[in-house]
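Common to both upcoming complexes is chain A, partnered first by chain B, then by chain C.
This part shows the complex of A and B:
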């Protein structure tokens, strides 16, 4: 009798004990609304990469990854709801894929001690790790992007763009306004004329902006667009016969979903590239074997190989590499958000490592440090070929003008530190 | 049977004209207050506060505000989002300009500033009515959002154009900023909701409320019996905007913490609050709460059921949310065009007679 009681009690304890350790990763995605065309491929790529790790390697270091997806619709209120809902599940890191939601989460996540990785978006000055302990935006920031785009224009003009007219078509939100400061600063340095053309959410109505471009005839148009705004802008540019090779989008305005709707008119459109386009990588063989053919692909499975699908995969790769690093540093498989932060800060992506992961020469090699949360700040330029329906890289990695970007980051982050009484780290 | 008035005697005029003349009703009201103030603060966690209770309370204030204008005074407004933005930006400017003054005073001042702006945009209501007025307030919505996007002074020249709430305390406890505890966040909103609802209820029962209702029911007749339409309409705009401004200030400072005007206070917000009062019931304070609860809680509930319990994919669930909420709105409006408040009134009537309806 006593034995039976004891075994019953034991069974009770076993049942009550928490399930197997899991690495909880959240995907605050948007598969609905005006930004779905861009949100879906990123969410699919992110999910498929994690599925691959679970299926092929049994997770990271033997611990399975549990992905919680939450639909934000690119809306801050829903983003807050998603954050609060998933916080309790032990989420290691947040990548909300929205600059607005990132701004929302920066103070919240810092107070809760959960890292945020806004990869190539969010608050640029979060690159200063001395101020933003919990926020990371490697491998490159918006201000890097603005500088790289201008550098490309400089290269095309033999280094002299004095008196040229450059227009910025941007999403009228925190996201679109980010590059303005840098572009103004660069205008002082290089002597070009900058004109600003805001486009209101959701961006379907851009007739007046493009009318203005037709009238003012800027030499180059830069674009900070997202979602349906990208497609409309490219179509409008084609309609007014703006020379497409002089139209350059940021890395969020350069995917197949943006250029395909404009058909042949989009030919020659350029965009920055955080990582290489295309699906010509060894990892796709594994993905096919373990994920697609096994029927485990996320979403409809029609985004595979797209630029933004690769971006989602890259996001997952950087997240899981940071988890691996955290496991290594702390010598435990089951990590906490605080350990995750240490892993992210010690992240070192080398070309060898990218090769081992099945993505050789895909993204830049970079190292994160206590001071620098922004990565290497390099990007390539890609150009759309409407006949072959592919993006082609036309440059090698271009580095941002650090002499302009770094002081701006310093200034903005110090202002934030002062406003919020933050003690500087890394001393 | 449940709502019995038998034995419930009023011996004074005050007792007879109080807000809840039936004893059962009054005790229920006290019970709700006791739970809201005495129990929930001890139970609330971050998720419940941030995803459910705080938005519900803040939207309830906004709905009360719009209900005064549209439900009681009959002036249709599509400018709610814009007026909430005024409240939010006023609170932000005040918070950053006078960091030593209490946040409660800032929120009230933000309401006052919004009231002024509301009166300004209410001026056309003296000339135009109905749909035309709706269009005029729509202009206010777009103008205000444009203004806050356009003039850097309003967002203190920040690079992103966002405003973010610094930490402010009430008797030493932070109520804004990231270190706010869930219960503090909830309580500060609850205090404002309680004060606003109490004020609104008593205003609408008094002379001012009666002049508003006279204007709503027939403005010419009201003018003939001595109601001044100028004073009535503009006071409705002022009071309504005061509440909406408070809601906007709390929405920014306590709930979201960082705000981008185009996204948060866009035209959708105006429609959302308008739908709240239509579904809840025009001309009813209870209806404002019911409508806010319906439109804030239902999507969260549906999401948790569809994704959390049934395991649907997130996009399918998000689309079905629209379908279900839309279908329920249509069903409600067909079955009870006067909103949830009327449904409640009918239920009360039935309960009084139950179980002997004849």
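This part shows the complex of A and C:
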């Protein structure tokens, strides 16, 4: 009886005590299904970075981070379910890891007042902060990516690609179709001939597309693929003996998962890089000490330093830096989603800061503002070395052609604002 | 010869080769449906599971390593040896036979005399179970599968056709190999079902379960046998498709490519699966070549189903399917 009374008293005290503050961050991941092999390293990198901050620093500003992971299976409906199921937990920000899910969350999250960060994916014109108050896609967008790929081709050809033939092999989805408009505009400007080759989900069979490439002999092939589509495309390119150094993928078509299955055939393949590959950074010593060796790693440890693991880690870094900024702006450790949005909008990533975080020169320096939610719009080009099984960076940061990309963003976002009766902000 | 005609010939040849790969997947469906009337939704996942197991054995991967490490706090991932492809294929076959036995023992045996839709639902459950089990056993990362199959442009065909037409045809060595394997498989399965005791028993069960039981044929044995053969066919399909793209979980989606083949060829005919595969392969590739550019491309997935539906209008049982006559 005494024990029961004591338990009741303890329960009463616990119920009366204020809830311990936590910074709730969601991870809409996919560890199952057709795209699991790509979803797992991203989710692991994201989780490991947050674990590091909790273990080493006690969270951010002394407030622990609570990560809620929800399995989407890269399925848009499930992603929306995840959003609805977790938003009541006090989520500060959503990173949907899918363009399809991002498109669905844009109106929902905007109405709910919760920021969405689609890092290097999602709706490109969301970079216009005057229209998309709650949506961010820094540090670069698909349209930046398309422009950067063309700039690289321009560099290779002494600035003149008039009459060249460029083919785009793309996932036949909202994601894959994103760069088309930009590439068409760039074709008008630079005089190249663009051909479009859609590949249906999942992309296991691409014989028609690659026979066409073999017949038409484009000078360069760009790829906007994901999952098995990437591996098959690289293998088919090797099969028809397309020069791999002229085959350039977006950052979602440039991981070890994409190149390893093709073996030596993938040698020379290029892809855009949002951040650097590899594990030669001071932060990895901390990750080893506080996360991997402590048995708190999210994965099996075989993806560490791989492109997609680093991508997940970078996503977590940008999220936590925005939280830190929000705490600083509002002078409170326990922030709300609205404060988080302010933090994201005032984010200023400098190379000094990246160095302090243990990732010197890992990603670009950039600033976010009320008007610009898309960041600096730069990327590097990396090339696959099949012998060493590593990606090597072959350029410095390349900036997108703003004279082409910005008017497109303006046009598309304004049309969205008109359709949805959105009042422009940042005046 | 006009260029367009040459390209069409090249596309047709490649369509035939692609059709063989579709037929390889469809064969597994046909075998099980013919013997037991079950539409095995798990056939695509069986191909995935077989390929995962093959790569896991070849690479000396420790099965259930993640689970073992989580429970015992160990850090084991690999045995440290590599198994030759032939031996690994044989061991994988044993695993697929064990799987067939388990499916019969723990699932199908308890559903005898149930409605076909119940059996179909059971195979949906089996597909999801097997996908999760494969993930737990071998992990979800993409694995390179190299059993020594040739891949890439066939130089001889390229040079010969260039000599004839002034344009070298592209034929993938892997596709040629797949065609040979499929031919051997069909001949082998036909000989097995026509001339072996087990094959005749299998056909007897397919014709009439109760009559077969009354003459002493064990239904359990036949079903284990047919699921084992379907497992073998899944392994062959898994090797061919896994070599193309690496072994990964999207392999299970190759079943989607087999469905129009089955609709067209009939669910009960092995030659039907092959002919259906060839028609679908050529049809979708030629449509993509001729009409695709006018409608924005990416027509293959839906056109295969449209083609199958067109055939169904005239032959509801498929080209080679058995005509169903129900007396009122």
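Simple rule for what comes next: the second predicted complex is superposed on the first by the 411 of 427 C-alpha atoms of A that agree within 3 Å, B and C clash if a C-alpha of one lies under 4 Å from a C-alpha of the other, contacts with A are read in each partner's own complex, and residues count from 1 in each chain.
Note that in this section contacts are C-beta pairs under 8 Å (C-beta built on N, C-alpha and C of every residue); 3 or more make two chains touch, one makes a residue touch a chain.
What you see is a predicted model, and the numbers here were worked out from it, not measured in a lab.
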Combined model on chain A: chain C and chain B, fit or clash: clash
Contacts of A:215 with chain B and chain C, given as first, second, both or neither: second
First (chain B), second (chain C), both or neither touched by A:155: neither
Touching partner for A:32 - first (chain B), second (chain C), both, neither: both
Touching partner for A:352 - first (chain B), second (chain C), both, neither: neither
First (chain B), second (chain C), both or neither touched by A:198: both
Chain B versus chain C as contact partner of A:257, first or second or both or neither: second
Chain B versus chain C as contact partner of A:85, first or second or both or neither: first
Chain B versus chain C as contact partner of A:172, first or second or both or neither: both
First, second, both or neither for A:180, with chain B first and chain C second: first
Clash with chain C (superposed arrangement) - responsible stretch of chain B out of 26-34, 134-142 or 242-250: 134-142
Intersection of the chain A residues that touch chain B with those that touch chain C: 31-32, 36, 40, 172, 198, 200-201
Chain A - residues contacting chain C, complex: 31-37, 40, 172, 196-202, 204-205, 207-209, 211-212, 214-215, 227-228, 231-232, 235, 238-241, 257, 260-261, 263, 265, 295, 300, 302-303
Chain A-facing residues of chain B, complex: 45-47, 50-51, 55, 149, 159-162, 164, 166-167, 177-179, 255-260, 262-264, 266, 300, 303, 307, 313-315, 317-319
Of all residues in chain A, those that touch chain B in their complex: 29, 31-32, 36, 40, 69-71, 73, 75-77, 80-81, 84-85, 87-88, 99-100, 103-104, 106-108, 110-112, 123, 172-174, 177-178, 180-181, 198, 200-201, 299, 412, 419-420
Chain A contact footprint on chain C (complex, rising order): 7, 10-11, 14, 18, 65-66, 69, 73, 77, 131-132, 135, 139-146, 151-153, 170, 172, 241, 244-246, 248-254, 257, 285, 288-289, 292, 296-298, 300-301
